[in-house]
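Report on the structure given below.
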Amino acid sequence: MNTFFLGMALFLVLNILAGLWRVLKGPEPADRMVAAQLFGTTGVAALLLLAQALESPVIRNAALLFALLTVMAVLAFVRNTSYRDKHNNDH
Amino acid sequence: MTINELLSVLFCLSGGVFFLAGTAGLIRFPDTYSRLHALTKADNLGLGFIVLGLIFVAGSLPETIKLVLIWPLAMIGSSSACYFIANHVHRLTRNKGITRD
Amino acid sequence: MPELLVLIPFTAALLCFILKGVLRSLAALLGASLTFSASALLAADVYQNGAIRISLGGWDAPLGIGLSADGLSVIFLLLTAIVGLMVSIYCVPFFSGLHEQPLARHFWSLWMFLWGSLNSLFLVSDVFNAYVVLELVSISAAALAALSGTAASLRAALRYFLTAMAGSMAFLLGVGFIYAQAGTLDMFLVGSSGGDGPLMAMALGLMTVGLIMKSALFPFHFWLPPAHGEAKAPVSAILSALVMKGSFFLLLRIWFNVFQDSSLTVHAASVLGFLGLFAVIWGSYQAIIQSRLKLIIAYSSIGQMGYLFLLFPLVLTTVDAAWKIEAWTACVFQAVSHGLAKASLFLAAGNLIQASGTDNLRSMRNIAGSLPMTTFTLALAGISLMGLPPSGGFVAKWMLLQSILASGQWWLAAAPILGGLLTAGYIFKILSQAFVPGAEGACCKPVCFVMEKAALVLAIFSILIGFRAEEVIFLLTDRICAANPGGFWP
Amino acid sequence: MNLAFDLLVGLSLVWVAWRIVGSRDHFQAVVLFITFGLILSLAWTRLQSPDIAIAEAAVGAGLAGVLFMDALGGLSSSPGSPRPAVPLTLLFPCLILASIMAIAVLFVPEDFLGLIPVVHGALTDTSLEYPVTAVLLDFRAYDTWLELGVLLVAVLGVMGIRRIGSISGSRLPAPADPVGRWIIRILLPIMVLIGGYLLWLGAFAPGGAFQGGVVLAAAGVMLWQAGHPSLGLLPRLWWIVLLFCGFLSFLILAFWSLFHSGRMLAHPENKLWILGVEYAATISIATCLISLVLASPGRCRVRDN
Amino acid sequence: MNSLLIYSITATSLFTIGLMGLAAHPNLIRKIISLNIMAGGVFLFLISLAYHPDDPGVDPVPQAMVLTGIVVTISATAFALCLARRITEITGSSRLEDKPEDTDS
């Protein structure tokens, strides 16, 4: 049973690696941010599966935390790029 | 293989399929808006299915509650992030006056 | 009570951040004098009844962290105490001037934190604890260097900080390798559990490279001249007199306590010797061709640090035990006299800059007339750096020459001979400017009496220690706490 | 299956690191670094150390991401330098170094036990059950104290560079759209709740001062991003108390235990002291990290808008 | 080829890649990112020593070391980033020495 969950976690990590291609190629900074947000959700799922596979319920706290934190990076990204563009538009 | 484990395997597999769809969408779709589309819908659904699958094999009640709590949080997080990015890209294109294809 | 040496500066640091104006200077001076007296008491205690080893929190060696105060660490603690007290006295008027006032709060708290971390570095006896203390020393030193706020000083501080961080990371990886081999983190336990094998070789290599980066030995010296040149005078005095000695002291601990009876160190010793030799010649040569006073002194730090690294080939490849004590005394005297002389040089340079406005040598003309005390300090410190007979520098270079000749590695003799010549070169370059009758119009703002006195006292100390060699030798021979009673030369 | 998972995580870590170093666009490097932090958290989870996974997640995705994005904000992004990111002359010595270290790692003994028996042996006579928290707060309390010192010195250094006495001034423009404010109002209480939960958990399960402090710091930074001055609201004295309370509690403990029982940093018998020190450390870590993120942009940001 | 070996070799290669990045990139922010990668590598090495799949579980001392190391690294990174931002504000170029030929600011 645990090997199945570990296999699923492995599959999700493969998903993240595949998503990395978009981060590398992504023409716009926004596309890269989209990929980063995708990895956040996939990371939460992978952590949950690992928590079940390794029978240590504490890892769920890490998953809970992760679900909240990906938003931080996106907020920072939006705040910074808009600040700079508004800045560029001024002069 | 008890009925619980069978159900949990089933749900986790379907969750995995949705994640695969999300990643495929991320890679294949032409522009940012459609990629956001893939990200938000497919992934949240995938996470939901995996959480559902794990609930069957989760041990005690508090674990289940924690699992159930994670899914809406992740959904709030990812949908608002999607909104921010979409809003940001829209403001960028409007400022530059060019229309994105 | 070695713990007091760590507690008092940290308390003073917190107080200095909270208090304002005169109260802050009072708290700083009180902290400095208390730390000075605590170091002196500890030195007397170790001198009388031997090395002290404490396990903190009551947990013994393999689990808990310990503090160890032996002969070597007490000498460096005394050096830090004397230089620290004098720099603190110098800084009270320096930072109460109108221009420096806003920086006072940050300077005093960072300086007290640095002093406390240096004291705990000299008392260290746990390898991972050494990493955390090194990090604390690097961050506070970089923050102090960045206080002057000019673009050049910020760049120098960031270059220094990045090199220090890379050095700490290499050191931490070395700690990982030591833990993989010995299973414990206490230096003396690791030392007694044998130091051979590929893991320990890797650990020795990584730690040595990490600490060399932090003490600016030759290949990694690029960050030092701008960092010390651009910082404020008392800050550059602290940096080159004390902070560089800290990472060198840790290198001594690693080589002679952790890898005490391992055969690895013998092979690597000559490499360090060559780098030290090259540093002496290259640093002193660069010092001669500089035009700014503070850069001359900064490059001379690189040169003088090179002497310290000659210790490794001398001690590890010599067969005759008697000459090893000579080499040890030479290295320790060089460290102490260089620390004192360099601090007084930088403080005197600070006085000159405050008086004449710029630190360019040509503007230094005719200072013998207007600032006689500072010129006298420059001369005294120069004597000690060059190694003329009465001074501590002379004892160091003399013993260095003797142990080099005794150990038969004649090519190392180039360092004291050529180095001494080149050092004389740049010291006379500075002094010659002082007596040349320059343009009368050079305005000379009055320099506070206390600031000149502090620089002078440091210079006098660096001359005086030349006369007190027996206590230092006694501390080095009988007061060393190493795993086996033989100390550094089993 | 375990081996496959380890191999995949290991290879993806190395590959992402290589892409970070090799990429030409700075923003791409930052996003890759956030992903690197995520995969590293997975590695910590796989290596059975969940509290490090929590700390890495909070620090990597939460604080480091925001710090780097801010730093990039100040930089007008350009397409990146034309020449290859990593010159070949540097590649060769680094390859040698990597291979030497890889060979050295092979000699790590299989049955390496480290200090496990010693810690479990001594666990009985401390009042903490969970070994990691016991090592952090009791056996090696000196390390934790100096590490709080490092945090404090970093805050002092940043304020010295910015020439400010406190962080009361730094406040961001509120995000234009209501969603930004709305999401903060929902996620923030939950994060504070998790921070407290992790701190309380620390006594007997993975969690404790560090994880609680880092999560609270992430909550504070999130509040700041929503335009709220978060810690800037506090009067200067209160902010100083919060900043120093962790370091101060260790200082008081050191003085008291030195003069009371002659052994510095020896915790007294009743459990309240250790819990008090742990809570103070949590608050101090959270305040220091928030002050670091708030103080680094300096006041110039507020004046421009 | 157990997991201790895989993670240790990954750790040492991360350390080397970080060192390479630190030496290769003129831009300050890239240098600080490389430093964090080096730190990640070192911590991974420490924890790979502490990990035993079955018998006595995980060694708490390296875990405590890595926790302390993570907090030290984040505070050092924040300090270095503030320095880098200040340099960029004053000199306009985010590099240590302003070589004229590179336009990358």
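We call the chains A, B, C, D and E, going by the order they appear; numbering starts again at 1 in every chain.
One rule holds in what follows: contacts are C-beta pairs under 8 Å (C-beta built on N, C-alpha and C of every residue); 3 or more make two chains touch, one makes a residue touch a chain.
The shown structure was predicted, so the numbers you read here are calculated from the model rather than taken from an experiment.
Engineer: Name, by label, each chain that touches both members of the pair chain A and chain D.
Structural biologist: Expected: B.
Engineer: Enumerate, in label order, the chains that touch chain B and chain E alike.
Structural biologist: D
Engineer: Taking mean CA positions as centres, which chain lies farthest from chain D?
Structural biologist: The chain farthest from chain D, judged by C-alpha centres, is C.
Engineer: Decide which interface, D-E or C-D, involves more C-beta pairs in contact, and give its chain pair.
Structural biologist: D-E
Engineer: Taking the mean of the C-alpha atoms as each chain's centre, how many Å separate chain B from chain C?
Structural biologist: 57
Engineer: If you average the Cα atoms of chain A and of chain B to get two centres, how far apart are those centres in Å?
Structural biologist: Chain centres of chain A and chain B, defined by C-alpha means, are spaced 11 Å apart.
Engineer: So what's the Cα centroid distance for chain B and chain D, whole Å?
Structural biologist: 27
Engineer: Quick one: report the Å distance separating chain A from chain C, using the average Cα coordinate of each chain.
Structural biologist: 47
Engineer: What parts of chain C, by residue number, touch at least two of the other chains?
Structural biologist: 128, 132, 135, 139, 142-143, 146, 154, 179-180
Engineer: Which residues of chain A are in contact with two or more other chains?
Structural biologist: 33, 35, 40, 61, 64, 68, 70-71, 75, 77-78, 81
Engineer: Which chain E residues reach two or more other chains?
Structural biologist: In chain E, the residues touching two or more other chains are 12, 15, 18-19, 32, 41, 45, 49, 61-62, 65, 68, 72, 75-76, 79, 83-84, 86.
Engineer: For this entry, which pairs of chains touch?
Structural biologist: A-B, A-D, B-D, C-D, C-E, D-E
Engineer: Given the complex with chain D, which residues does chain E contribute to the contact?
Structural biologist: Touching chain D: residues 1-10, 12-21, 23-27, 29-30, 32-34, 36-37, 40-41, 43-45, 47-53, 56-68, 70-72, 74-79, 81-86, 88-89, 94, 102-105 of chain E.
Engineer: Which bits of chain C are touching chain D when the two form their complex?
Structural biologist: Residue positions touching the partner: 1, 3-4, 7, 10-11, 14, 17-18, 54-59, 62-65, 102-103, 105-107, 109-110, 113, 116-117, 120, 128-129, 132-133, 135-136, 139-140, 142-143, 146-147, 149, 154, 177, 179-180, 183-184, 197-199, 201-202.
Engineer: Where on chain A is chain D touching in the complex?
Structural biologist: Those in contact with chain D are residues 3, 6-7, 9-10, 13-14, 16-17, 20, 23-24, 26, 29, 32-33, 35-36, 39-40, 43, 46-47, 50-51, 54, 56, 58-59, 61-62, 64-66, 68-73, 75-81, 83-84, 87-88.
Engineer: Which stretch or stretches of chain A touch chain B in the complex?
Structural biologist: Residue positions touching the partner: 1, 4-5, 8, 11-12, 15, 18-19, 21-22, 28, 30-31, 33-35, 37-38, 40-42, 44-45, 48-49, 52, 57, 60-61, 63-64, 67-68, 70-71, 74-75, 77-78, 81-82, 85, 89.
Engineer: Which part of chain D faces chain E closely enough to touch in the complex?
Structural biologist: Touch residues, chain D against chain E: 2-3, 6-7, 10-11, 13-14, 17-18, 20-21, 26, 29-30, 33, 36-37, 40, 43-44, 46-49, 51-52, 55-56, 59, 63-64, 67-68, 70-72, 74-76, 78, 80-81, 85-87, 90-91, 94-95, 97-98, 101-102, 105-106, 108, 112-117, 119-120, 131-132, 134-136, 140, 143-144, 147, 150-151, 154-155, 157-158, 161-162, 210, 214, 285, 288-289, 292-293, 295-298, 300.
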